[in-house]
Amino acid sequence: MSELPISRFSLPELQDLPEDIRQRIEAVQEKSGFVPNVFLVLARRPDEFRAFFAHHDALMDKQSGLTKAEREMIVVATSSANACQYCVVAHGAILRIRAKNPLLADQVAVNYLKADITPRQKAMLDFAMQVALDSATVESEDIEALAEHGFSEEDIWDVGAIAAFFAMSNRMANLSGMRPNAEFYSMGR
Amino acid sequence: MSELPISRFSLPELQDLPEDIRQRIEAVQEKSGFVPNVFLVLARRPDEFRAFFAHHDALMDKQSGLTKAEREMIVVATSSANACQYCVVAHGAILRIRAKNPLLADQVAVNYLKADITPRQKAMLDFAMQVALDSATVESEDIEALAEHGFSEEDIWDVGAIAAFFAMSNRMANLSGMRPNAEFYSMGR
Amino acid sequence: MSELPISRFSLPELQDLPEDIRQRIEAVQEKSGFVPNVFLVLARRPDEFRAFFAHHDALMDKQSGLTKAEREMIVVATSSANACQYCVVAHGAILRIRAKNPLLADQVAVNYLKADITPRQKAMLDFAMQVALDSATVESEDIEALAEHGFSEEDIWDVGAIAAFFAMSNRMANLSGMRPNAEFYSMGR
Amino acid sequence: MSELPISRFSLPELQDLPEDIRQRIEAVQEKSGFVPNVFLVLARRPDEFRAFFAHHDALMDKQSGLTKAEREMIVVATSSANACQYCVVAHGAILRIRAKNPLLADQVAVNYLKADITPRQKAMLDFAMQVALDSATVESEDIEALAEHGFSEEDIWDVGAIAAFFAMSNRMANLSGMRPNAEFYSMGR
Amino acid sequence: MSELPISRFSLPELQDLPEDIRQRIEAVQEKSGFVPNVFLVLARRPDEFRAFFAHHDALMDKQSGLTKAEREMIVVATSSANACQYCVVAHGAILRIRAKNPLLADQVAVNYLKADITPRQKAMLDFAMQVALDSATVESEDIEALAEHGFSEEDIWDVGAIAAFFAMSNRMANLSGMRPNAEFYSMGR
Amino acid sequence: MSELPISRFSLPELQDLPEDIRQRIEAVQEKSGFVPNVFLVLARRPDEFRAFFAHHDALMDKQSGLTKAEREMIVVATSSANACQYCVVAHGAILRIRAKNPLLADQVAVNYLKADITPRQKAMLDFAMQVALDSATVESEDIEALAEHGFSEEDIWDVGAIAAFFAMSNRMANLSGMRPNAEFYSMGR
């Protein structure tokens, strides 16, 4: 199966990439043991690659009022709503690891309303889904409802901004036919 | 009307911003005569701001097989489908200017199928709308259909990537309740 | 651009029209300085023309608990939901003039939830949109909710009847491919 | 059951109505043996009443390339899509009578794709449903497709205009909670 | 009209059927005076036939907190939402008979929100429609809301299970193009 | 996690169940090493239980022109469209085992258009999804299109009947809040 194309668009040769991008790819390979295909698929456009991952890291890797597992829940729930194979499979793996829970990712992907999460987390995902699927209807009341669950202004921005970032990411994966690495499917189970 | 809030989230003081962000804001003010509110609303998160505008510029400002007016058509059509007030008003202004056509932005915003555009541009917008609204259904046939209208592989990536970027941008504007500057409404008419 | 067709259906010659219809068209030309295309497109069916404009005038021109600007808001919001190019452009112009507000029409067209309107007007548009898009769900509770905003029984009939009339009007414009006159785009800005 | 309200809005007294409206109502009572409730519900607004029925008669009662049964099929199919109780029940009765077929109205109301109609009639209803439910997507190709089934320009206008008129009529019935007369249910069976 | 096909799939000969199935068909013919086509269309698969009707009878024929008319209301409302010609016509007939009301079936089929039913029955149909059309959103609150109308745990199971069973049944009828017997249209009027 | 409820409805005691149902449950426990919760949740209604599993076995366990893996693909794709946690997780496990492919179930669940399946299997799932989500539009052309991929009349019935059966099954699981056994998540990976 390793020979199936990972993108509908042409891929750059690793040695032709700008130094910073090659280094980022090599670093992730060293850390993970493989190169997630998103790095290879997006590298054909170095400026877009840099902005994409800088944005991703700013939202997903910093300290925040949301746990890392909660941020991955947002990714998995909204990516499933967008039927994004790459994001559900890859971030499902990360969610299992972050949450130390082998069941949670599949639960959130199929129907977060039935997942083993707290009412606060359900409210978080309700809002993330609204931003992902029907952002035109977001009103101040929706934001106040989140605040009542203890989310700060910064937390609420994070919930919405993660849903917004993966609205883009899901569409890039669906546009390119991005194939998830086989490694992701079994990680954290 | 200038006293209506431009965001649901708190705004930073200009003098507290990192130097590079302040310079970017001052540069756009000098060029445009006013500061589009998107710069002020997003500046509260400097890292996200930098990534957002780097990504925007990589897609919208470079040389490409798509004219600048065509790229703005993609923004206006998909932002209207997402009911994003800021993006339709601001990029509608830019589209009028880029296309030197005072009617085109409103036509594309209301119903691009009835706009004064070429069949090639209609095919471009059909695909952009599919990426914006139903990216899970994108298949190789859709991409080949665009190629038959003379779009290159790079052009097709641009069409999809612009639709994907504004999927994010629209959601950030709807999340924050971003208010378009009054100046945009009459520009280019 | 003046040579683009204004309808997919054949147009009558002005001199062949019944006297009352020709007089109506000449009167509107005198008043507005041009003939809005809706008069020319519908004139091919004199009986339908007479009923259409009699109905329009009965709803839009009389004294009522709704201001003329409010009635135009209903037209612009529901016509945008139906992606009716003619009605959004033409009635957007009238709304700008009636409301003496150059921004309001574009705001209402893109997303009335974000427009500079009062809570009472938002409730009015919520109901108009329900009638326009999902009238089967209208129940007594919806009507009582409007009454609590101070709308009388006659006002509520007007809100619903205007939404219903433009449900027809939008479909006639979309059926015929009715082209808005270029004059409308800049009126009242 | 005769005491259930026929409208959510107040009804005029027959003797208070303008003479022409009272005469129209008396004429229909004489012809049908009862007064269809639509006449009573709309009579509270004489000018709108006159325009509504003049429009209705111009579309439904004249000679045309469409048979009267075909015009009623359009009404039943689109009114069912709008879940308009009054129009499905009342025009279902008329369709049974016009078509001399006791089964056709229920078939068309539930799923016109499975009704005992000709391919030409199915094409007619496909187009009527597009006008009723998604008129923004009507393009010249749709009209040409109808022409290939032998519909003239005037016929196509009629199909679309009837769908458009009942888009209004369905919304007025749903707005007012218009109750069908019990007589309609069994007529023509 | 009796020669129109009653299924897109081949039908078995009555004499070739297993004895128990033939007996069931003969029993229903004796009782009703005709063989409802669903028996003939499904008989080509004896094991599926047996399971289908055993399931149907377990839900529809036993004693229960729901009247038989109420159970038929659920069938008619959800089958109409699925545009299932066979089920709306056949169970509409049964509903008229069970409820001894010639108007109710058509009312429920077109728009149960406007039917002459009690608030308790409306709540029952609201829940049945949620199960039929959007079962993923069923939460404990929805079930508690039904309980407040006096429905027991067993009643609520029945409401949901009937909606679920006819979700299957409607799809089998739409798959096979199952034709309702002409007899059903006029029964109980 | 084993103490989380597996149903919103009360569960019977195993020893109170009719002998045949208890035997079936013990047999599946012996074979699988655990009792899938669907057996426990449905056992409260013995007649419905018997019909449900007889129907299931008639469709899923017999010899057929569809492989067992293909039948499970239909279950996983349509159950995911219905957001049925139990069916996606349990039948995903079975699909991995039947197909001897640890990746396929997740691919089909997220977006079968991107799964590693043959064009024939994609056509099969296109049709199954049409039956699951929009069965009212099934026409003879859809069935002929499947036949061109080599599906026999019996195969096509199977595809549709499995989609129809799980339309019911998904709704029963969503109605009852049926919890998948933890064992399923890792089977076949």
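So that you can tell them apart, the chains are marked A, B, C, D, E and F in the order they are listed, and the count of residues begins at 1 in each.
In this section, contacts are C-beta pairs under 8 Å (C-beta built on N, C-alpha and C of every residue); 3 or more make two chains touch, one makes a residue touch a chain.
Everything quoted here is computed from the prediction, not taken from an experiment.
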Hey, what chains does subunit D share as contacts with subunit F? B, E
Co-neighbours of subunit A and subunit C resolve to B, E
Farthest chain from subunit A, going by mean C-alpha coordinates, please. D
Where subunit C and subunit D are represented by their mean Cα positions, the distance between them in whole Å: 23
Whole-Å gap separating subunit A and subunit E, where each centre is the average of the chain's CA atoms: 44
Between subunit A and subunit D, what distance separates the C-alpha centroids? Give it in angstrom. 51
From the mean C-alpha coordinate of subunit A to that of subunit F, what's the distance rounded to whole Å? 29
At least two partner chains per residue is the criterion; list those residues in subunit F. 83-84, 111, 136, 177
Which word fits how the chains touch one another: line, ring, star, complete or other? other
Chain pairs in mutual contact under the definition given at the outset: A-B, A-C, A-E, A-F, B-C, B-D, B-F, C-D, C-E, D-E, D-F, E-F
Provide the residue numbers of subunit A that touch subunit C in the complex, in ascending order. 136-137, 139
Touching residues (chain side subunit B, partner subunit D) in the complex: 111, 113
Interface residues, subunit D side, partner subunit E - complex: 1, 4, 80, 83-85, 88-89, 92, 102-103, 106-107, 109-111, 114, 116, 177, 182, 185-186, 189
Residues of subunit D touching subunit C in the complex: 8-10, 44-45, 47-48, 50-52, 54-55, 58-59, 82-84, 131-132, 135-136, 138, 140, 143, 153, 157, 160-161, 163-165, 167-172, 174-177
